Amino acid sequence: MSQYRVLIDANDEKGLVHKVSSIFYNHDLNILSNSEFVDKENNKFFMRSVVDGVVELEELKSSIEKILPNNNSSVKVISPKKKNIIIMATKELHALGDILIRHEAGELEANILAVISNYDSLESLVKKFDIPYITVSHENLERAEHEQKIIDAIKSFDEVDYIVLAKYMRILTPRFVETFEDKIINIHHSFLPAFIGANPYKQAYDRGVKIIGATAHFVNNNLDEGPIIAQEVIHINHAYSWRDMQRSGRDVEKVVLSRALKLALEDRIFVYANRSVIF
Amino acid sequence: MSQYRVLIDANDEKGLVHKVSSIFYNHDLNILSNSEFVDKENNKFFMRSVVDGVVELEELKSSIEKILPNNNSSVKVISPKKKNIIIMATKELHALGDILIRHEAGELEANILAVISNYDSLESLVKKFDIPYITVSHENLERAEHEQKIIDAIKSFDEVDYIVLAKYMRILTPRFVETFEDKIINIHHSFLPAFIGANPYKQAYDRGVKIIGATAHFVNNNLDEGPIIAQEVIHINHAYSWRDMQRSGRDVEKVVLSRALKLALEDRIFVYANRSVIF
Amino acid sequence: MSQYRVLIDANDEKGLVHKVSSIFYNHDLNILSNSEFVDKENNKFFMRSVVDGVVELEELKSSIEKILPNNNSSVKVISPKKKNIIIMATKELHALGDILIRHEAGELEANILAVISNYDSLESLVKKFDIPYITVSHENLERAEHEQKIIDAIKSFDEVDYIVLAKYMRILTPRFVETFEDKIINIHHSFLPAFIGANPYKQAYDRGVKIIGATAHFVNNNLDEGPIIAQEVIHINHAYSWRDMQRSGRDVEKVVLSRALKLALEDRIFVYANRSVIF
Amino acid sequence: MSQYRVLIDANDEKGLVHKVSSIFYNHDLNILSNSEFVDKENNKFFMRSVVDGVVELEELKSSIEKILPNNNSSVKVISPKKKNIIIMATKELHALGDILIRHEAGELEANILAVISNYDSLESLVKKFDIPYITVSHENLERAEHEQKIIDAIKSFDEVDYIVLAKYMRILTPRFVETFEDKIINIHHSFLPAFIGANPYKQAYDRGVKIIGATAHFVNNNLDEGPIIAQEVIHINHAYSWRDMQRSGRDVEKVVLSRALKLALEDRIFVYANRSVIF
């Protein structure tokens, strides 16, 4: 008996729950949990089921595919296992450190293949955890050259499921983003869409806000505009300088990034129309 | 075409989602939203579906009943309409006022049949909204006599779906609670189970807590121990006297009570094992 | 013995707390509470003290003025009393209703002189509370004409301390804003500076955010860009349509607006450099 | 020019702010920040000032002592430096890990002298950070013997400012607590005073709460009843088993413990009457 995650993304049509649950029933699968969402406006149907039983993955997948609408349908049947991730960082410790500790605690369904940074500042921390650290300095390099080196470093690993930008402070080019489409998770240190771009805490200070936040999102080619996975905020007051905001904000950033990463590792995220469905 | 809410509470067994969704499909009902929860430990299955189509309520109900396990199963098929509520209060305005305003705004699926209080302090407010106000003073009465008068007042109305205790500050006897079993919603001015009983803000002050809260729950015969529907908290600090806590706490109380009331009116609550499932 | 609020806004310089507290001491005033804030970057000093004793207001004010730096200093000595407010609304009930209920409960240090709206939708509610309701329809009027009529209506009252925009859905011209400079408090239905302008919930939906919020701020001549007084947020998820966001957002809007109003009525707000200091 | 933290805890009496600020002024000290709190009910005065200038610590302290009421007054003048802490843990990684990462990031004004545990489970983690790890197994030992060994281990270090119980899962005896009075900070995995004692998440599950929390507090001789420093909560729902609560609760526990530790390290906590004043 094994557990499987079944993810369905299709155009909505009457009877889908009935048809899918019939297939589970006929395969003698037990439903452990079940989440559905219908977006009426966009006529979309999403379903994530965790089932247990004995089944041939490809057979289950194709059984479901047969009963879904022909266009725009997608089915995944996943046997849970650790995903391979690469973390990119620059100099800040907190978000990376939180992931390393969670990984050490066995909380994450992930193998950390490597940490890649444009500086060597974090090397001593990462090495403590016996994780490869790859410094790819951007000095004296064109942006395209620098990114190519990073792409090469990433591609030197067999299979990479997610690239986690744990305060990687350089803007990625469209080429990089396309190379790893739908695989890059970023933490932005503001409550998006407020304060897109550089130094959001300074922007927040200048605007005199009473709440600051952080946003984890998939990266697409518009700066800080990819589909949002998770957001969190904290209250601040007039006594906070932007440095204080930055300091306090770190606690939010690390929590939000780790939360988004867990959702991705557990196959809980669907993305469409620049938004996410989280089960 | 009408909308119906289908609520199922049964012992869990393989295939329930399949069987129920087949019935919906065979009745040509469209599922607008669907929530399920299986409590493995207690082997319980809960489902709330909103469907639309044309159906005979009793027929749909009995079709579903047939496929459920024989024992401990319950099905409700509800055609949404305004529920009848009676509000009980003492002297405080805020929780009652919030409900009155929401009712006026058309936010609540409810008819307020009357407000009953042991004082006349709130009469002028309630009368503004053309809602009957019934003062049942407890002075010079035994508790049983007083409650009997309230029971009589409530029973003078044809059908009462919920009794909302909007800061009704007297303890109810088991007899009262049994008379209106599963129908009484109370707001307790603490984060239960902390600070059961009288003057929880004073208790919270004495304990030196940094967070205070409020709890909406169904009333059973153990003081402040019925199934919890909703809770909310706010941060406080050392500068709060217990009067300050009381003042700030009112904003939480009214929000939590109104939230719980809406959940009840929209048939979103299941209760079992002294806990609630909220869809 | 009376209580006084002393508000000081000055350029910072060494010894201010010493000098001010000496004046309190020499006037035999007891400090009930004391808040200070120094903004190093802008070299600004803010202080709010609540004192009790027997004192001549003007004399205390001028004693303090003498020890402050010559430029940019301001002192207010206030004997707490109810402030006069006018509420402006359009058609939505919730924010206005919350203020009316708080007013009825005696929670606000305010006299509500009138409610002014461009529709008569809220008249029956407001009249219940024996508060004048003035409909100033914008139909068939130029914006300037319409605003002039509102200005005339406001000016028909002797002294107006604050104008509260409780979901007044029309943009105010610079002329209106200048007429009531630093007196207009608005609630914007987003977490500013995200989603400035029309239909922020629709904007939030389109961006796929996971948190929505509301912002109370003083109004200046840049749309939704005045100094922020208070902000609050709630978590949402993929199942929220923008109508759902709007519905849930109302609870945040009313809480934030009432909180900001109380801060203003209790003389707890300083404004400078487009930001607020809240004591 | 150096910075000093001045902490005053005294019976309240008129003119204290004046007298203390006069002393600062006469010593040519600049006030960088200033917080005061008067507890009227208990007639207590608390003040924390950060000043900069050139001053002899003992002289400043005795100047202030002279102007305070004779009884129950306490003054500390502190030149900020790293405090020495010892962390005690059992088997769980998250709270300890968070402190280690913050320490590594330079966020904490602390030297971690050692981690002491009754198991060796966390040794490999702690050793990565070049921090001594001392296993003091409780097996085959009376409680008194075991604690004596821990006391000996702690006393082998010269000066210990705080002992941080980062999920140390054994109850401490009064003797231990008295040995390190006012120095022990504990994280309890519930929103105290709810769910005192063993397995609070199981207790929370059984009660059917909708919010869980964590509480950092100083340890005194009544189990989980010492003065509270910080509390935080998260919302949960019916789908959470108590294991899920435990898992989610860890994120709150680590945040709250680290927050409380920072407050202690920065000399921001006063304790009296089993409550804390936090500046």
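Read from first to last, the chains carry the letters A, B, C and D; within each, the first residue is number 1.
Keep this in mind: a residue touches a chain if its C-beta (ideal position, glycine included) is under 8 Å from a C-beta of that chain, and two chains touch if they have at least 3 such contacts.
A quick note: this is a predicted structure, and the numbers were derived from the prediction, not measured.
For the pairs B-D and A-D, the count of C-beta pairs in contact is higher at B-D. Over half of the residue numbers at the chain A-chain B interface are used by both copies of the sequence.
Interface repeat of B-C: among A-D, A-C or C-D, the matching pair is A-D, sharing over half of the residue-numbered contact pairs.
Separating the CA-averaged centres of chain B and chain D is a span of 40 Å.
Centroids of chain A and chain D (each the mean of its C-alpha atoms) stand 35 Å apart.
In chain C, the positions touching at least two other chains are 33, 239.
Under the stated contact rule, the graph of chain-to-chain touches is complete, every pair of chains being in contact.
Residues 37, 39, 41, 191-195, 207-211, 213, 227-233, 237-239, 241, 273-278 of chain C are the ones touching chain A in the complex.
Against chain C, in their complex, chain D makes its touches with residues 14-15, 17-18, 21-22, 24-25, 28, 30-34, 36, 38, 40. Partner chain C is touched in their complex by these residues of chain B: 33, 93-94, 97-98, 100-102, 104-105, 107, 125, 128-129, 239, 247, 251, 255.
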